[in-house]
Structure formats: C-alpha cells, structure tokens
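Shown next, in structure tokens, is the structure this report addresses.
Labels A, B, C and D are assigned to the chains in the order they are written; within every chain, residues are numbered from 1.
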Amino acid sequence: MMRYSLFGESHGSCIGIVLNGLPSGLMLDMEQVMQEMKRRAPGGSLISTARSESDVPEIVSGLFQGKTTGAPLCALIRNTDARSKSYEDIRWLARPGHADYAGYVRYAGCNDYRGGGHFSGRLTAPLVFAGAVAKQILREKGVDVYAHIRELAGISDTSIDRAHPDLSALAAVAGKSFPTLDETVGKAMQNAVISARSEGDSLGGIIECLITGIPAGFGSPDFGENAEGVLAQYLFAVPAVKGLEFGAGFEMARMRGSQANDAFYTDDSGSVLTRTNHNGGINGGITNGMPLVFSVVIKPTPSIACEQDTVDLRTGESVKIRVGGRHDPCILPRAVPVIEAAAALASLELMS
Amino acid sequence: MMRYSLFGESHGSCIGIVLNGLPSGLMLDMEQVMQEMKRRAPGGSLISTARSESDVPEIVSGLFQGKTTGAPLCALIRNTDARSKSYEDIRWLARPGHADYAGYVRYAGCNDYRGGGHFSGRLTAPLVFAGAVAKQILREKGVDVYAHIRELAGISDTSIDRAHPDLSALAAVAGKSFPTLDETVGKAMQNAVISARSEGDSLGGIIECLITGIPAGFGSPDFGENAEGVLAQYLFAVPAVKGLEFGAGFEMARMRGSQANDAFYTDDSGSVLTRTNHNGGINGGITNGMPLVFSVVIKPTPSIACEQDTVDLRTGESVKIRVGGRHDPCILPRAVPVIEAAAALASLELMS
Amino acid sequence: MMRYSLFGESHGSCIGIVLNGLPSGLMLDMEQVMQEMKRRAPGGSLISTARSESDVPEIVSGLFQGKTTGAPLCALIRNTDARSKSYEDIRWLARPGHADYAGYVRYAGCNDYRGGGHFSGRLTAPLVFAGAVAKQILREKGVDVYAHIRELAGISDTSIDRAHPDLSALAAVAGKSFPTLDETVGKAMQNAVISARSEGDSLGGIIECLITGIPAGFGSPDFGENAEGVLAQYLFAVPAVKGLEFGAGFEMARMRGSQANDAFYTDDSGSVLTRTNHNGGINGGITNGMPLVFSVVIKPTPSIACEQDTVDLRTGESVKIRVGGRHDPCILPRAVPVIEAAAALASLELMS
Amino acid sequence: MMRYSLFGESHGSCIGIVLNGLPSGLMLDMEQVMQEMKRRAPGGSLISTARSESDVPEIVSGLFQGKTTGAPLCALIRNTDARSKSYEDIRWLARPGHADYAGYVRYAGCNDYRGGGHFSGRLTAPLVFAGAVAKQILREKGVDVYAHIRELAGISDTSIDRAHPDLSALAAVAGKSFPTLDETVGKAMQNAVISARSEGDSLGGIIECLITGIPAGFGSPDFGENAEGVLAQYLFAVPAVKGLEFGAGFEMARMRGSQANDAFYTDDSGSVLTRTNHNGGINGGITNGMPLVFSVVIKPTPSIACEQDTVDLRTGESVKIRVGGRHDPCILPRAVPVIEAAAALASLELMS
C-alpha cells in the first residue's frame, strides 16, 4: 500500500520524505527527477522568491545499484539559504491567511515559526521528488500526468478538450518557463503577477490536471475507496489548495442532465469511450477509462507586503503587520509540478 | 476512531450502515432522527421520485435502554417499494452519466444492476441516519451543521456572511419544504425543476454548508489529517458530488492576497476571530475557530427521459436509450440533509 | 482492501457482519457455509452450552443471483434463544476473567450487560460466516486452512510435521464431532471437559492452525505489513485468545540457531523448500512458500459455577459470585472453526 | 494518531525513523535518549557483535528549541562501521532462518543484500530512539515500561508477581550490564551464550515486559482496536519475535477457569484491582487497570558459523553455507530495550 510521510521545517537543517509501498526494480532516472525538481525550484526571477535552493534530493534508503528495492525510500533535501531574521520580528504576530494562529493553538505555541516551519510551501519540494518517482512507475504502466495554469488574474489559458485532449500540446507545458498552453496568455499572466508584486500584493489562480492511461475499473463507490476521494486526499494535502472539481465541476450546476451526461460510443478498436468528459473520467467513484481531469484553486500567497490588521498572539492586542522576507507573489507556476506530483501519487494508490 | 460501512442495494431486501467509534451514553432522540430521515425521503411531489419509502431505521445493535453503548451501531432500512421491471429493459445499456459501465468493468458484470444497485442514491438514507446520530453527539459539544441550496439553474439563494452568519435564518432552512434561505428564490428554483422535468431533463446545483462551534486547533497540515482532506473524504463519498470548495473557494482565483487574507481581531470576550472568512475556517489544514464553510456541486441527475446515445455492454454496439422508471429531476433538495450528514460525520472524526 | 465490521449483542435482535473488499463473481456455496456454521454452533451436548441457535446467516447485500457483487456483503444472524434472566441477577457483579469491569469503565456503564453483550463469544458466529466466504475465495487460489486442538487439559493431540504435513488427516478433522487428529486423544479430552464441568469448572487449551498454498513473497518487514502482524490482528480479535506463536514459537527459546534454522533445499520440481518449518512459513515478515503454521492459546471459559470473589460495580464492595446461565465448560472444539475463519480472512488480506 | 515509518539499510549511509502524531511541548531529555540507545548498542563484548556504532540520533525535524513541535519527528542514525565484504561472498546463498529467500522473491532480487539490508536488526536502533521519546511522554502520564530476560538456554530469571510486581527491582534492570532481575542467573545465561558462540552457534530466549500506569478503559473488543492486537502489531514488527503471550499466556492451556480467572477486590483507596493477573491486564480487549504483562519469544540469531545446507538463489542448486561476518550469538540482551520501545509506542497508540 502506497503511503508517504513528509517531514522537516523551512528553516531546519533539512526536509524530506519517506515513501512506503513502492514496487521494487525501478531503475530510477535521476535526470528526470532533477528536471521535476527544477520546475518547482524558486527561480529568483521577478515572479518568484529570491530564496535560492539547489534542491538536490539525497536518497538515503530504498535505492540500491540504481534501482528501487521495495523497502521504504527516504530522500533528504538540505536547507541551505534559510534566513530567519525577518521571522523573528513578526514572531508573535499571526499573519492573516497563514496557519500561524491555528498552528499556535494546535501545538500550544511550540511549532517552529521560522518561515512557516512545517507548514511551509518548501515542504512541496520532497513531494515533487516523490511525484517524480511515481511518474516513472506510472509511465511503465502507460499512465501520464499533465497540468497547466488554467486561470490567473482572470486570464484564461486555452481550454482543453477533456475527452480528446491534445496531448503533445500538454506535454510541451512541462518544458516551458511558464506553464501555460498558450504562451501569449502566459506572458499576460506574468505581467499580472509583476503588477501585483509591485503593489506589494499577490495572486491566486486555477491549475488543471489531466491523467491519461488509467484503465476503467479502478476505485469503488465506498468511503475511502472512491476515486474522487483518493485524489482529494492527496490534493488537499498540498498547501494553498482550497477547492477541487472533477471534469466540468462547478459548471455542472448550470447544466442539464442532457448536457452533463457523457454519451458512450465504441471506437474502431472496440474501446468504449465517451463523446464528452464532463464527469472527469469517473462515474460512481470508479474510473471509466477516459482521462481523469480535475482542477484545483490555489489561493493567493498570504505573505504580502501590504499592511494588514492582525493580533499579537501573546496579548490578543490589535496590531498592524507587513510581511517582509522573500515570498512568491504568485505560487501558481511552481505549484504546477506539485499538483502533478500529488496526482501521480494518488494514481499509484488508486491503481494498487 | 470514527468509521462507517454502508451496505445494501436499491432493490435488495434492505440497506443499512454500521457505525464504529461512537461515544457511549448518548440518549438517542429518535424523533429528531426521523425528522432528518423525512428531509431526505422522496416526497412523491412533482420534483421528486414517486418511489415511496417510509425509511424508518431499525437499530439492531449498539443501542441499549435508549442509549448508545459504544459498541458498533447497526441500522437497517427496509426496501419496500422497489420495482425492477424498468431496469430489466435496459439491463445491458450503459446509462450515460451513471456508473453502469465503470461498475460493469470493475465488478466483471456481477454488480446488481437493478436501480443502480449499491451505487444508488438510496444508500444515502442510512447515511442520513448516521448523520442524525452524529448531529446529536455534536450538539452536546456545541457544534451545529447547517446547509442550503446556494444555486440551482443559475438562480442564487441569499448569500451568507461566512464570518458572521445569520444562524437563525440558517436554522430555519431545515424546517422548510424547500431548503433555501429565501423562499421566493426557492419557488423560482422549483419552477425551474418542474420545467426541466416536463422536458424529460434534469438539473444540478450547488449546496453550501456551514459548521459552527468547532474550536480552533483541530486537524494538521499532514496527509490524511488535514481538515480539508478529512471533509473531502466524506463529501466525495456522496454520490453526485463532483466538486468541493472551502470558503471563497474558486473565487479566490480572482482575488489578490490583500482581499483573500482574513484579518484577525480580538472580540470583547477575548476570542481571536477573523473579519472575513474566505478560508472557510481552515488555515494550514487546521481549524481556526471560525465557522467551517464549504460548497459542493451536485451534478444533474443522470437518469433522464430524453433519448441519449450509448452502447450495449455485451456487444459494444451503438444504441439509443431513454431511462424510464421513477427518478428525481433534481436531487438538490433531498441532498441537503445528506451533505449535512457527511459534514457531521467528518466533524466527529476531525474532533476525535 | 479487505476489512470487516462485526456488530450485535448476545441478547439483541441479531448479530452480523459487513465484509468489504471481496472480489466479485464468487458463486457462493451456501451448503459449505452452513457446514462451517454448524461446526461452531452450540451442540447442546455435555461439553457445550444448552443455548440453541440455528445460526442461519441471512445475506442482505453484496450477493446477487448467487454470486458476490464486489459491494459490501452484509449477513445477519438472528438471536432466537436468548434468556436474560440469569444476567439480571448478577448485573452489577463483575465476573472474574470477563470484560464486565473493563467494559463498565470503557463505556461508562452503558454497555449491554446481558450475556456479555457485544463482548459475547456469540459474535464469532458471523466471523465464521465471513471465514466460510473467505475460504471459498482462497480455495480458488489453491489456499486451504486446517486446524485442530493441539492440547487440552495437558493432553496432546498427534503432533503435525510442520514442513510436510499429512493434509488428508488434517482435512478429516473438520468432519469430526471433536476436532483432533487422534480420536482416542479426542475422547480423553472430552472426558476431561466433562469432569471439569461436573465440578462447576472450565478448561482452556491450544489450537494449532496450518495454511497451505500461499506462495512465497507476501508481506513485508514493515510495521502493519508483516505477515505475523497481519495474522495477529485477526487472531487477537477473537475473544479468549491470549497468546500466539508461529512455527516452533516459544520452543525456540530452548533451541540453538543450528536447530531453529530451516535448511533450504530444492525439490524435484525446482521449488525451493525448507527441511523443517520452525519459522512457521514466515521469514522477515514475508511468506517463504512453506505452510503457515501457528498456534493460539484459548483461556478457560471464565463463566464458571464455582463461587468466586468479586466486587459490586456500584459500590466496590466485596461480594461472592456464582455465574449461572448456560455456558460452555470448554470453548476449544467450537473455537477451531473460529480460528480457521480468522486465519482465512487474514490470508485474504495478506494476499491482496 | 501515532504512527511511525522506519527506513534505511544496514550498509547504507544511514537509517532512521519518522514519527507522526507526537504531542507538542515535550522537552526532550537527550541524555535519557542516549542511555536507551546505549542499552541496545553493540558492546563489542564476547556476547555481542564486534560492529561498533555510536548510534547518536540526529534529529532533523519536529524538535525546536529542545521541545517537540507536534510536526513529524525525523531522526537519522549514521552507519559508520559497515563492512560489506563478507556479504559479497554469500550474496546468492539463502541464509537459513533469514529473509534472504523470502525477500528475494518479494522484491524480485532487488533488495539490498548487504548485512540483511532493510531486514537488518540494525533497524531497531531508530526504533529504540522512538521508544525513548515515547517513554518520556508516557512518564508524564504516569506510565512506565519495564522488561527483563525471562528465559535463556533453559535458564529462568526470578519470576515476577504479575499483579503486584516489585517495581524497584524491575527498574534496576535497565541499569545492569545484563538485563535480568537475578544477577547470578544473568551470569549463567552469559556463560551459556559464550558456550554457544564457541561452538559457532546461537541462542534464543524469552523477554517479559510489564507496563504500569495505564488506567482501565483503553482498547475495545473490535478488530484493529483491541489492546492485545495493538500491542501485537508493534511487537511482531520487531525482527526475530516469533510468539507473544499475555499474562499467563500458554500456561492457561493447563489451567482451569477457577485458576485462570483473576478475582476482583477493592483496595483501601477504593480502586478495583485483581488478586492475580493471569490475563495480563486486559479483558475483552480493554485494559482493566492492572499492569499490562506480556512475553515474547526471540528466536536464536540465524547467522551462525556452523555449516548449513542451503540453495543458490540463481540456480536452485544445493550448497553449503557458513555465515561469516560479525554477529551476535544471542540478541536477547540487546533486544530488551527494543521490546520496551515497541511496548512504549503501542501504549501511546492505545491511550491516544
């Protein structure tokens, strides 16, 4: 059974992950792993944090002579560019939109507050590592995972045909400096981010993800086993995800059954397919053989330079806060491989 | 640890549920249980199925002298008005939007096809029973669950203030024949349903749910423990749910951080609250003491009288299908107590 | 994933089980099921309780046209011969060796005390039902489960060769009125039971179980996945089991490595086997292809007619108790199919 | 919820553990942790392996300013004295009694064979670390864990009174160079080990463990929740454990109910206790407030210098093997803190 444990804090010595339940015998392609790591790594550009981390995973177990052994795989990633100073200044101020207050209550004030500690988006680095491993296993089963930014600042990327997607266009996204199908749209999105940053503000958006090659028949209608629920577990474990929809999702609220139903047909090879894919490849909690398609909404980065109202955790007194330090004005581009990683791990569980 | 197992099929002798992990000593108010059952029961009206079931749960274990014993609670609900005839006619035709095809593959054609079998929405009756029990336990902890139809056929109910909701208005919804805050809006929605039904079609919509009284500090950022993930497990196990958003959810894609962040303040009693509640009461996977607020999209009932394209499961040949039998043209009104039930069970797990 | 939920109380309307994760398409042989039920059913003889139950399982879900559907299978067994009178008399007296006191504390006095309530050995009836289903699935995989009473009242049955057992002798045990390999030994054991009963006392003993046909390679060294741990979960869930040993078990304390190690060899068909099987078919938490062999100790029935010291749960005062009612003076013969059932369910989980 | 993941291999760069579900705010006493580590560390004496490891755990997450944060705690332990040479020679020979063959099948030959890889007893070092943390948490709840070697080479230590144990004598065991209550007995056991080693052989034995301070009312009769089952999960995850018995355990096979039942009484402070403790502090899967007492059998170290029969994994051919390298002739003394660690972790889960 697949399961993983993330550990570490933003400003500790290292972060990492233990992955249980991997198959043995996968010859791990570290070059591909590093490509995934680089997609998530902070770029130092105008639209990402200035923190610079090489994010090279050091695999300390579960790999022998280049191949997975089937034993738990543990990878460590060193923190090399942590600067805690800016966090000391606001140590007792609950940053709005952050877990500072909830974490303070949950852990009785003992959580590591530096850089968000264990709540930090930095913990998505080992998740991307795990996703890179999962993708290599999935590829051997004919399963691929794609994602792009569907919407940012009200700007929409080219919409995909959920039933018969253009896979080569989707595959190209991973190689781009900004993960959209349409590069002109991507430029407009980047300008919106730069503009928000210049005002000390941040932006959210929507990422759409598509998984091809999972055959019909995985999942179940029951609690804990339904395909939507399995994916949801992995996706809501990604920080900043506040919503998840399958296929047409919330659009279905305005559809009639005659529109939302995906008509079945048989193609030349005898495969049963659907003409549309409003259900995102899942019926009754079970995969139906069509691409799994879902979207997640990522909230705007809560760390912003604008002045905000908050309280002092010690006294409860009203105070003003400006969050300094180095932050992404929009996490969407770096979140694309993270969502793919969560989707890849969920797919492995679903198919196990 | 809370967990439940639903069992049964739409046209079998009975359906039911086993609930594990209940506290002992709850004096179960069966009148309140039956009120919840009636909110979900088919009404026989123009906007619901003509199938008539009394849906009285027979508790066969875990209750002694009127109180929960702490041992597993099992309740049975008899099926008394099943008519399988209309299902025999379309036995081999995969109904679009339904689990017929996915289930046929998953279970190698052995699943009970009558009335959708174990996939039937009828399985939500024991879920509502379990939710009614959970609500009584929650009430002793000061936790309440409310829901209403937020949107149907493009018509929106009065929006709620997520940070400071009008609880008496929300509480009144459960007693109404149509579960909206605004009754004029409710009438318009009903007319839309009647109109869709008259055309042999169906409608979906959005249900919004709010949970008050859960203190700050429940949940965790980690996989399998984060508050959004726990709720998602229970909600996606409800048939027809295709999307879930917390707080402002997908709207956050068009917000800036300065809008989406919920500013903290301290009220007169010294409680830390937030001015807005765009995060739906959860930060970093942990409750922050504000109401938990989320919405789910319910897809249009897939069983429609209109002619649709599909395939014969035996031969793969193209065929036309019209789904006869007795079906709800819109499941939303009956789904409101189901979503509340799932939310109540998830809340119990979260607080355990 | 296999899991089960037992529910019900000894003197409630019925007891039952929900089984999740069964494969679809098993044509269930109800005659074989009833044979297993009868092996556990009280015989009314001198060595078992006088309570008379037909124990016919009523399958209410998960079976359609005689075959498993893959959906949760629920079976109910009616309680028809409960007599609560003798329990009212000792309601507040903690029976030594029973869960009365622990359950009173755990459930704040709300547990059903009649006949032991949910703690009753009667709950093993639905477990035997589930085991009978599991055995039919296992048989299709070439896996068989055997058991016998290894020891009772200091009398030992013929010992089995753990590496090369006489399977036809073991198979014959299930058809006997008393489950030993050697019938003379069985008679002696029965006399010991009759003798203990005549003195108002009871007896414990050891059951040995053997599972053939599980190939090498199932399980893992890790927590929650190792073969011994999986079996232990199922076996310790059987009431009255107080110890479990694999292969030579506690005898290994007096062995040297040169004796305890099972030497490998290759047989004519090229299979790798071991000459002895002191490790009970498991190395490093993983099956090695040899028969799985384990023994459990069953404690003497705690309900005895002898006078015992105890306390009144309400006042804590010292009192004397004699447990009336109808009880088995020795549960061993009826426990043999229960241990087989637990072993069968564990084997299914291990191989899934 | 408590859970842990062990990772690493005997001859890899490091081994370690991730612990989830710890409470926040525990000021970790590293001196006590190191005392526990030293109890398990190889001594280099005549009765233990010559491998020398400092086994200082490096805590990389979950600890901040000396206190647990509540986030996952990860500790690494470096491997500094691995010598793989002797394993290369026997790489393809399945060591009898070891997991070589089962692991070869399970992991398709990809497991790390050096020093047993992930199967190595060396993995118990991080387990002892975790146990040391758990013990400090338990101590704050008034719970203590004790163990001693009950039997070795047919030599028995002083038996303990399970109902009213001499705790100061038990507490002294942890500070001794050889963990028995009676030091003369301990010397005799050591001589037996030295004698076995001189003949190229090894010894097994029995460890008895006692947990005090867990109040009545933890656990449940149900699958996955019963106290015996929870302990069994943790104990069978320890390599070399082949049997587990609670209280009088297998002795109960020769007892009558009148002997095995533990009579209740009320002491001067009004607490309900039992005169004997044959049930090991558990009735019906629930703690009864008496000390939890159990014993495990540890099999003789399978790595022995004597010549043994085995097969070549590549060809299946019969070959002779002598296991060289550095091995403990008897793991019992070092296993005592390991069993305590497993017991401590299980107690935390049971009480959570």
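By our rule, contacts are C-beta pairs under 8 Å (C-beta built on N, C-alpha and C of every residue); 3 or more make two chains touch, one makes a residue touch a chain.
As the structure is a prediction and not an experimental result, all values here were calculated from the model.
Most remote from chain B, judged by the distance between CA-atom centroids, is D. Counting C-beta pairs in contact across A-D and across B-D shows that the higher total falls to A-D. Centroids built from CA atoms put chain D at 47 Å from chain B.
Inter-chain centre distance (chain A to chain B, centres taken as mean C-alpha positions): 27 Å.
With centres defined as mean CA coordinates, chain D is found 39 Å away from chain A. Of all residues in chain A, those touching 2 or more other chains are 5-6, 20, 70-72, 106, 118, 220-222, listed in ascending order. Here chain A touches chain C in the complex through residues 1, 20, 70-72, 220-222, 225, going by the rule given at the top. If you check the complex, the residues on chain C that touch chain B are 5-9, 12-16, 18, 20, 24-25, 60-62, 64, 67-74, 76, 106-108, 110-112, 117-118.
On the side of chain C, the complex with chain D involves touching residues 3-6, 94, 96-103, 105-106, 118-119, 123, 151-154, 196, 201-206, 215-224, 226, 228-229, 232-234, 236-237, 239, 241-250, 252-266, 270, 272, 274-275, 278-280, 282-289, 297-304, 306, 308-311, 316-318.
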